[in-house]
Amino acid sequence: MTQIKPKRVLPGFRLTLGFALTYLTVMILIPLLGLFAKTFTMGWHAFYLTATSARVLASLRLSFGTAVIAAAVNAAFGVLIAWVLVRYKFPGKRIIDALVDIPFALPTAVAGIALTQMYAPHGWIGKWLAPLGIKVAFTPLGIIIALVFTGLPFVVRTVQPVLASVDPELEEAAATLGSNRWRTFWRILVPEILPALLTGFALAFARGAGEYGSVVFISGNLPFRTEIAPLLIITKLDQYDYTGATALAVIMLAISFSILLFINFYQHGRAAAFRHAGS
Amino acid sequence: MLTVIPIHLGNIHKKFGTFVASENVSLDIRAGELLALLGPSGSGKTTLLRVIAGLETQDSGSVFFGEEDMTNIGPKNRQVGFVFQHYALFKHMNVLQNVAFGLQVRKKKLGLSNTQIRERVLELLDLVQLGGLEKRLPSQLSGGQRQRVALARALAVEPKVLLLDEPFGALDAKVRRELRRWLRLFHQQMAITTVFVTHDQDEAMEIADRIVIMNHGRIEQIGTPEEIYKHPASDFVAEFIGNGGPVPGPAPVYLDAIPKIKEYEVEA
Amino acid sequence: MSQVLFAETPTKLLTQEFGRVVHRDPLWARILLIGTASLFVVLLVLVPVAFVFVEALSKGFSVFWQAINHPDAVAAFKLTALTSTIAVALNLLFGLAAAWAITKFSFRGKSFLVTLIDLPFSVSPVISGLVFVLLFGAQGWFGVWLQQHDIKIIFAWPSILLATIFVTFPFIARELMPVMEALGHEEEEAAVTLGASGWQIFWRVTLPNIRWALFYAVILCSARAIGEFGAVSVVSGHIRGETNTAPLHVELLYNEYATAAAFSIAAILALFALASLVLKAMAERWITTDLYSDFIFRSKT
C-alpha cells in the first residue's frame, strides 16, 4: 500500500501563505523583534532602573488606571446602548446607531483638540462645570472622558450582535415561568452577553491604555500628574533616551499582549463551536 | 463526441482523523453505465465520489479512468463533471454565464469564440429544458431548475465522467421523482459513465443500472437492482432495501422522446 | 467594533437583522433607557463633532477657506493621501492573500497565524512608531547603513508609510476572513472541476462574492490610516510643509494657537470620517443582503 501525498484541491496555497507570511514577518515581526532585541542589549539593570523610576510608574498607573475606569464606564453604558438599539424602535435610532461608530472613524487628533476646547474652562461644557468646581481639562478626569469617547464603539459593537441573537424563546420561557423582567435580565440575558461584554471591555481597555492622539491634548502632560505613558515614551525619545523609551514600551506591550491573549483564547473557545473545519 | 470510459478504483483507503471513510474499497465501474452509490449517512459514499473527482485525495489506492492513472492528476485536469449537492452555482452569474464557465476559462485552449460558446450553451440549455432562462440569476430559479443548470454546467465541458452528489436531496418528493426519471432518460441519450450518490433506496432501485451498497466505508454488495432485491448479501442490505418497497427496475420508458418536466414551483 | 459583527455565523447575522422584539417593556422604562442612552451618545459624540465644524467656521468662511488652502495644509493633505493609499493597497494585498490561505485551507499553526495578524491591535500607536525608529533611526540597526547611502526613512515619508502600514495591518484581513469563512468554498470547488486556474477562480468566483465585504474593509482601513496620529508623530520629524500629515498639521496649528485654522483642517478630516461612515453603512446593507441570499440559497428547496 503506497501512501499518497495529500494534495490541496484549491490552488494558491503556497503563493498566498508565502506572501502573507513574508509580509507579516517584514512589516510586523521584525520591527517587534527589534524592540525586544534592544531590551536585551540594554541589560537587566538598566531595564529595572527605568521600570521602577517614579515617573515611569506614575505614567503607567495613569494610563492603565484611566483606561480601566473608562472601559468600565463604556461597559455599563455600552450594554445600555446596545440594548436600546437592539430591542426598541424610536425616532432617531439610525442616527444614534451611526454616532456610535464615529469614535472609530474620526482621527484621534481631531477628537483630541475638540474635547480639549470643549472642556476647557471657557469651553461649551467646561463653562458649566467650572462654577461647580469641576476641572476636566488637564486632569485625569479629562483623560477618562477622552478614553470613554474612543472606547465607546468597542463594547456596543461587541455586545450588539450577541444580544440580537439571543433566542427569544429563552425570555418567553422565563416569562411563562413567572420571572419578572428584571430577574429575566439578570439571570438569563446577562450570562448570555457576559462573554461579549468582557471582550468589549478588554478591547476598550487595551485601546485606552495605549491611546495617544485623543488624550495628549486634554491631559496637559504634567509629569507625575497627567503624563500618559505613550507621551513619556515620546519625551524619552526626544531626549535620545532610547533605552528608557524601549523599556517602557516593552512593559506596556507585555501588559497589552496578555490582554490580547486572554481575549483570543476566550473568543476561540466560544467560536470553535460554530466554526467548520477547513478543506 | 463524448468518449465512454470505465473507472477502476483499487483499494481506496481514506481516513479523516480516526474516522475511516473508505476502507480498502475496490470497484469497477463499467463504461457508460449509470451507477448508484447507496448507503446511510457516514457510509463513505460521498467520500468515494469525491475521490473519483479528485476533490479528496485518498490515503492509498489507485484511481484509473480507462488506462489512465489519475493519481497525480488533480481535479482541474481530470475532466469530470461534478454536480454538488447544493448545486454550487455561481451566485453572481446568470444561467448562461454559469453554464459557459468551464468553456470560458479554457477558451483559448479550446479555440472557441464567444459566439461559439454561447451557441453551445444555448443548445445545452434546450437539452435540459431550460431554454429561455439563460438571463436569469440562480436566485430566481426553482430548486429543480437550479439542479439542471448545475447539470448543464458540468456537461458543457464534455467530461469523461459525470458525478452527482445527492443530486435530488434538496428537492421535494414530487420534483425528485420526476427529475430522477428524467435523469435516467437523459443518461440513455448521453451515454456517459455516470455515478451518483444517494441515501434514497427507491431512487437507486428505480434508475440505476447497478447499485453499490455501502456501509461504514465498506462495500456491502454490488449488483443490479433486481439482484439486490432478490438476493440481499447481508442482513444490513436486506434491512436497508426493505421489503414492501417498489418493484425494482426503471419505470416504463418511451425511448423516442424525453417527456416534459412539470414545473413545481417550490418557493422558500 | 463592527468587525466583531462578523464573528458569528450567518445564522446569527440574520437573526440580528431580522430578529423580533420580544417583549413590550413598560413605557416608562423604555423612555428612561432610550433617553439615557441617547443623551449619553449625543453628549459624548455628536456635540464634539458639531463643535469641530462650529469652531472651524467661527472666524468666518474666508478664514476657513484660507486655512485649508494654505500650502502647508495642502502639502499635509497630499502626504496623508499618498501614505494612506499605498498603505491600504499593500494591506489589501496582504488581507486577500491571508484570508484566502486561512479560509480555504487547513494547516498547522493556523490559529497562531490569526493571533499574529491581530498583534498590531494591541500595540499602542506610539510604540508602533518607536519600533521603526529603533530600526531605521540614527541609532537604529540600519541607521549607519542608511546614512552612508543617504537614504532617509525616519523623519521622511517612508517611515510614515511604514508606521501607517503597521497600525492598519490587521483591518482588511480581519474583515474578509469571517465573510469568506461563512461563504464556504463549494463554488470554488465547482470551478476547479470545471478546469479553472487559481487566478480564474479568484477573479471570477470568489471576488464577486466578497466585493462588498472588500469595499467595507477598505473603507475601514482607509479611515484609520488617514486618522493615524501617534505612530506617525514619532517618526515624522514634524517638519512643516514636508513631513506633516494632516493630523500632525492640526496639532501644529493648535499648538501655535491658530485655533480656527487647526479646526478647519480638522473639519475636513471629520468630513472624510463621516463620509466613510456613510459608505460603510451602505456596504453593510449589501453584505447582509449577500449573506442572507446565500443562506436562503443553500436551504431553499
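Per-chain numbering from 1; labels A, B and C assigned in written order.
By definition in this document, a contact is a pair of C-beta atoms (placed from the backbone, for glycine too) under 8 Å apart; a residue touches a chain by one contact, two chains touch by 3 or more.
Nothing here was measured: the structure is a model prediction, and the numbers come from that model.
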Check your understanding: What chains touch chain B and also chain C?
Key -> A
Review point. Which chain's C-alpha centroid is most distant from that of chain B?
Key: A
Review point. Looking at every pair of chains, which has the largest contact count?
Key: A-C
Revision key, fill the gap. Expressed in whole Å, how far the mean CA point of chain B lies from that of chain C is 46
Point to revise | Whole-Å gap separating chain A and chain C, where each centre is the average of the chain's CA atoms | key: 15
Review point. When the centre of a chain is set as the mean of its C-alpha atoms, what distance in Å lies between chain A and chain B?
Key: 52
Check your understanding: If you look at chain B, which of its residues touch at least two other chains?
Key -> 55, 74-76
**Study point:** Contacts with two or more other chains, residues of chain C listed in rising order
**Key:** 189, 192, 197
Point to revise | Residues of chain A whose C-beta touches two or more other chains | key: 9, 11
Practice item. Using the touch definition up top, name the residues of chain A that touch chain B in the complex. Key: 1-7, 9, 11
Check your understanding: So in the complex, which bits of chain A are touching chain C?
Key -> 8-13, 15-17, 19-21, 23-24, 27-32, 34-35, 38, 77, 80-81, 83-90, 92, 96, 98-115, 117-118, 124-125, 148-149, 152-154, 157-158, 160-162, 164-165, 168, 171-172, 175, 181, 199, 203, 206, 209-213, 217, 229-231, 233-234, 237, 240, 242, 245-246, 249, 252-253, 256-257, 259-261, 264, 267-268, 271, 274-279
Point to revise | chain B-facing residues of chain C, complex | key: 186-187, 189-197, 200, 204-205, 208-209, 293-294, 296-301
Check your understanding: Which bits of chain B are touching chain A when the two form their complex?
Key -> 11, 13, 54-61, 71, 74-76
Exercise for review: Please name which positions on chain B make contact with chain C in the complex.
Suggested key: 53, 55, 74-82, 84, 86, 88-93, 101-102, 105-106, 138-139, 143, 153-154, 157, 170-172, 266, 268
